[in-house]
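Please go over the structures that come below.
Each of the next two complexes has chain A plus one other chain: chain B in the first, chain C in the second.
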Partner chain A sequence: MSHSFVTVVVPFAAGRAGDVLTLVRGMGNPAAPALRTSIESLDVVHFMSVNVIPADQGDRAHLLLEMSVDGPGEAALRGVAVALAQPLTDVLTAAGYTVSATGLPAFLSRHSRTLATTWYGTARSGGALGLAFCGSPNMPLRRIRDEAALGDLVADWSDLLYGPGPALDKLAAVRDRLWARGRWKWAFDAEQTPFLLPRRDDTPSVYARIFLASIPALLWPVLLVALLICALRWSVLHWWWIPSVVGVFALLLIVLAAVLLVLVRRAEKTDIPEDVAPSPQHVAEVMDGENHVTLNLLIVVTRLKPGWLRRFTLRAGFWVTSAALARIGVPGWLGDVGVVQFARWVLLPGTDQLVFASNYDGAWESYLEDFVELVAYGVTAVWTNCRGFPKTFLLFWKGAKDSDRFRRYVRRYQIATGFWYAAFPDLTLVQMRTNAAIRLGIAGAQTEQEAQAWLDLFSAPR
Partner chain B sequence: MTEPVPLDANEVPTLVFGALTRWQYATCLVLRFTPGGVAARRVWLRTLAGRLTYGIADRNAPAHVLALAASGLTALGLDTADLDTFSAAFVNGMTAPYRSRALGDEGDRRPGCWDWGNDAAPADALLFIYALSQAQLSAAVGAVLLPPDVHLVQEIKLQVRAQTPSGFMVEPFGFLDGISQPLIPGTPPAAAATPQSNDVVAAGEFVLGYADSHGYLPAAPTVASANDPDGVLPTASNGQRDIGRNSTFLVVRQLRQDVAAFDNWVAGCAAALSMPADYIAAQLIGRWQNGTSLVRNPRAPGTDDPDNDFLFRRDDPRAFGCPRGAHIRRSNPRDALHAKAEQAVRITNRHRILRVGRPYIVPPHGNAGGMLFMCLNTEIERQFEFLQQTWVLGPSFDGLRDETDPLVGANGGTGALTVQGEQGPQYLAGMPDFVTPIGGGYFWLPSRTAVHYLSV
Partner chain C sequence: MPTPFDPSLLEVRSFRGRCAQWLVDHPGFLFAFFRAVWPNLRVCRYVLVTRRDDVEDVMSQTGAFATRVGPRLAALHPDYPNTPVFGLGSDDDGTYAEALQAASAVLELGDVPGVARIARGFVEPRLAGRTTIDAAELIRLTQADAARRYFGLDVDDAALPQFALCGLALGNYMFGVQATGSDTWRASRAAGAEISAIMRRSIAHAPAAGPNTLIGRLVASGVAAGDIEAMLTGFVAGWVGGATVAAIHALQVLLGRSRAMRAAREAAADCDDAALGRCLFEAIRFSPIFPGAFRDCIADYTIAAGTRRRCAVRSGDVVMPATHSAMFDGTRVAAPRRFDPDRPAGDSMVLGYGRHFCIGHAFGRALVVETLKPLLHRRVWQRRIDRLPPAYFGTVPLTLMVQLR
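And now, the complex of A and B:
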């Protein structure tokens, strides 16, 4: 079963933001017990948040409801509209909308946005420029829950795990006890577990394929121009027509890339980075919403730099990131970062406001340092397009590497979490991967070496 | 790498250059400033300024170190806007509720239960006095006259216990302490180190105004130029006045150690598992009492000096020597958390702290009550707080299942440590609290120039 990302963006008059925020906060961070029970009963929602994105300069604030769910997004949104009908209609009423409980599903669906990076995807109605990421592919709620219970159960069987003798015998004893208990028989069938797969290398042929994929997604207008030039210049009947199209296309791309490079460098030299500490009051308000459970939500709202250039480099950055993540590394990992459960970027339609929302494991400090140390080029390539970001070099370099200023920047633009729900608020991806590996070992480990690796799982990370 | 800029010995507080263990007699005066009285306090600071020690301390004289809390800076007349250029962690303080949550100071560890550093007994400043004899200490303490609006909240008497020939202290549970420390190029401790040592860390990680390990200058507090009309402070890059240069931040936590509880639990656990008590105790720490490491000496204490030339993942890949959750591995995982050793050490070193604390003694009998933990860093959030929250207290640190640091965590009778080994995982369980915080705060160690600025 695959995941869906639901992103509902509702604009409303900025003057109402205070009232809306009060109601949203009232829903709880983490979610109030009653709401939690309602969402849990749907059994499809991994994460959900409702937040108020303040107006940047105009008079429109936005209500942002985002969910990461099992199965189709439409169905999950209908479910949530029923389960949370009361609080959500209250919030919308405060925002100035008259929505009845029965009209709520249609209202939310109407404001729901599909994140896309292609020209067509963002231009069509209901589209928005954005990027979504899932750290636990092919892991529906049921599986996460069952494997966590299995891992906790077996970890307690020190009578079987500890002692002299081959690891294979210990594994056999664990299998026998599990089988005898009846309800764990599902564990003996392996399932696809993408986040435990070996790393896919970034060979030249992978980059070639990424380039080819970029033509139908982003570069086709350039190809059209090349076709047009060639059609006007030469008859299509000549044998060299196709090679000339390729040649002209390549030439156009080189020229465009050079122009882009020059423009970007010029902008980077004149853009003014902020070096301002977030106010202690703001940090206090934001931190007040953190560390109530092991997982946390980070919401950062930044403003795009003016001009078409930054809109283009942002789109290109998103597209390259998603194309690379789909083909390189381990699924569910952002390079070497394996602590992001579900995250998304979205450019709020009709504004300059770029929202980053990420459900991650552990502490804010730890998460930000992972960015800096392991994927600085990635976050730099996105946030370099936003005002005030630390100085960058050719979009990817420097920027987030200036760790202290980067962290100050993120804190400054982070907003205090309004409503936040996490299905497993204390279960980290490290633990999820270990639980999955324990289950796979039970299902399939056959040699002494495999059994030894399985035994190590009870005291070692994945 | 470019040649590091030498530290300005005339400006940088002496604790950066070493923990002053040679000065075995020491005390920490916890001070509170009453409202008003800014002028009088500045006069007092002016007289005190001449005693404060910078650079490498004179080997025969007493040493003085002044640490100021955010509230102390306000009480000395620093503008609110200027104060807000300091890091939020320092301004909000250690006892802000959301920071307590991150630091594990909850339940009976909450600041409300502390002896000092909370609302009931706030600490606006700490004055540390170090001496070579009890007589010298008494004379130095007597010489520091407190004006009427500076109150002594309490005095914490400090002591270097049973120092070994190699210069290490013994902490109250009986372990040698302070063996693994970051080394700042240009300070005496770093002189003996090889350039490749994993412990050599850029000066900017511990002193403001110097490049950090990424080559950037740490974010530094500034003062509006209008508030420094005489130009006492150097000019900052943003055109304001740089009050941060050559200063550092000091984290203080007074940690009560329950020696009886520790010894009892270790004895009980050893009896239950039929293993030697010193072996069980060593699993919690990651070193034997004599300081030798479990990585190098997994079965019995080493006979040499304490060793520190080891990595975890490289030298003990399955953690059969030192348990993954042992205190020294959680506090400094070295290469443990990433596959490539060099990268792992580099990342870990972004979270190093320079420890300069020592045991405190409880009057009247003068027994050791625990440690006055003190550490220096330039970014409290990235260094001390990260280390405490993510590594030391992190329940799934390095893939462990719901464990916390067995030594300093809130064990509450159910603390556990997984010990990895040839025979599979073994659990040492049922630990009570061994260590409880009873005071503390975030402080700033100003440079000589900054003290001068604050006193005029």
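And now, the complex of A and C:
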């Protein structure tokens, strides 16, 4: 089952932000028990947060509701609008909107944004420039819950798991006991588990495919120009017409890339990184919302640098990142980082505010450490387009590698979490992968080596 | 007096029928077209679902889509309406859990090696000294023989071919795509009645069947005769019907793909049953037991809601989640057209998906492997002239002549 990323952006008068924020925080971080129960009853919501994005320039603040859900986002949004009708209508009333409980689903749907990286995707109604990432692809709530229960159950069978004897016999004994209990038949069916797949290599053919995919997504205006030039210059009936288009297209791309590089380098040289430490009050407020459970939410609101160039490079960075994640590495992993459960970047429509919202495992410090050590180039490619980010080189290099400045930068622009819900607040991706591997072993391990690898899954404490 | 089973009603010999059968056997190009252009195709009240996401969604929504297996099995046993095993094909949570408990208590995983030995013991002597053999018949009889011995059925050698055809017809009735009320459907019902008669006879002779047979166990544990009959009829449909089709399709795919055949032969030569199983079930992915199982919509539902391919389905509509198509959906399965025995097991849906994942999967795997392994050991191949079978029985060739080295 696929996941959907619901992103609702509601602008409101900045003067009301204080009242709205008070109500949003009243909903709880983590979610208040009553609200938690209501959301749980829908059985589709992995993560949900409601936050107030303060006005940066002008007089418009934004209410940002983001959810990561199983199946279609539209249906989940309707469900949430019903389940959380009272608190959400209260928040919207404080924001200056008069919305009844019955009109809430339509209201939220109207303000819902579909994240996209292509020209068409962001230009159409309801589109917004953004990028979504899922760390647990093809893992619906039901499956996560069932596999966790399976892992806990089997881990308790120490009489079967430990002691002398071939691993295959132990696995067979576990299978027999599980099978005899009847209701665990599903565990014998190996479902698709993308985050356990082997790494996909970044071969030249993969890069070629990414380039080809970029033509309909991003580069088609250049192709149109190439077609126009060739149509004006030569008759389309000549055999060399198509090779000419390819040649002119390639030439235009080279020129465009060279111009972009020059412009980017010139811009990078004049960039001024911020060396301002976040205030202790701000850090205290932000940290107050962290580490209540094993998982955390990070919300960072930054401002784009002015000019068309940065909007273009941001779009290109988003597109390249999403294309690379879809084809290279392990699905569900951000490069070598395997602790991000659901994350998204979104450029708030009509503003230059870029919001990063990430539901991750563990503590803020280790998460940032992962960013610096493992995916600095990816983070840099996006935040290089924002004001105050550490100096970068050709979009991808340096930047986040300047780790002290980078940490200060993130803390400074991080906002304290308002309302946050996590379906499994203490279940990390590592545990989720272990549970999935236990299930896959039961379903399919056939050799002694596979059975031994399966037994090893129980060596770490649960 | 029920109509006697007439196998000829299920035989397809006409040119038109064989063309239609070819299309059912090779729907890949049509599915590819629909996945790209019209992922959820509606024709009147029938909806064909072809994308993996949507197929999984339909098969997971047990509250909106009901299988036909339970009602069809129950229709064969009107005298035993309360038999729990019908719940295996049910979408009601309580009934299903009860049936699953009952069935898994009977089908013990520890029996799988014994069943594999039975199959091996049946196939190997029949290949000795042969250079040509009808593989379809061999496969049918092997599954039927394993079923009669393991279940403890009162079927003698002379009646075994008829029992095999009955089982195949019953599988067709339970899982196939035939229309209710058609000739083939009536013939399949008659096959079911014939199998019921065998069951009753076998239950009456249960002590003779021995304690190691299913009937012996069930009778000894005090299960009512009606429940045993209903349960084992369902098992025969999956066992003889399902495993026969799977093994024949696997062999056909191997015969048509030299790389696949080479991989399977190597695994067989190495006596690596795990690798051979992977080869054979990867082959079945290319020609699954059936292209998909019909679901009756029992509550209004929107497939792929919120997407451009959304399709509203109303109660009373009939939906076919095409598992065959789903296994070739490039958005969810890496290099779907490539024969890759090492692909993740989760890519395959040949044994079903979700709640109705095959309950006899472990037996099915062992049967397919043990049936085909001796043929692969003998470097089975097929003459070009034998590639077009003279007739089909349901969804499989009635005969499949192969050469052995």
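The rule we apply is simple: the second predicted complex is superposed on the first by the 459 of 462 C-alpha atoms of A that agree within 3 Å, B and C clash if a C-alpha of one lies under 4 Å from a C-alpha of the other, contacts with A are read in each partner's own complex, and residues count from 1 in each chain.
One rule holds in what follows: contacts are C-beta pairs under 8 Å (C-beta built on N, C-alpha and C of every residue); 3 or more make two chains touch, one makes a residue touch a chain.
Note that this is a predicted model, so its numbers are computed, not measured.
In the three-chain model built by superposing on chain A, chain B fits alongside chain C with no clash. When the two structures are aligned on the shared chain, A:T102 is found in touch with neither chain B nor chain C. When the two complexes are overlaid on their common chain A, residue A:T37 makes contact with neither chain B nor chain C.
Taking chain A as the reference chain, the count of touched residues is higher for B when chain B and chain C are set side by side.
By the touch criterion defined above, A:Q57 reaches neither chain B nor chain C. Touch criterion met: A:T447 reaches chain C, while chain B stays clear of it.
Looking at the shared chain after the overlay, A:A180 reaches chain C, while chain B stays out of its contact range.
Minimum Cα-Cα distance between chain B and chain C in the superposed model: 23 Å. In the superposition on the C-alpha atoms of chain A, no part of chain A is touched by chain B in one complex and by chain C in the other. Of all residues in chain A, those touching chain C in their complex are 1-2, 4, 71-75, 138, 172, 175-176, 179-183, 185-186, 188-193, 197, 440, 443-444, 446-447. Those residues of chain C lying in contact with chain A across their complex are 53, 56-57, 60, 97, 100-105, 108-110, 273-274, 277, 302, 304-307, 310, 332, 344-347, 351-355, 357, 359, 361-362.
Note for the complex: chain A touches chain B at residues 151-152, 155, 158, 161-164, 167, 170, 275, 277-280, 282-284, 287-288, 290-292, 294, 336, 361-363, 365-366, 369, 373, 401-405, 407-408, 411, 426, 428, 430-431, 434, 455-456, 458-462.
Those residues of chain B lying in contact with chain A across their complex are 84-89, 91-92, 96-99, 101-102, 212, 214, 216, 218-219, 237-238, 318-319, 324, 338, 343, 346-347, 350-351, 379, 381-382, 385-386, 389-390, 394-396, 398-401, 418, 420, 423-427.
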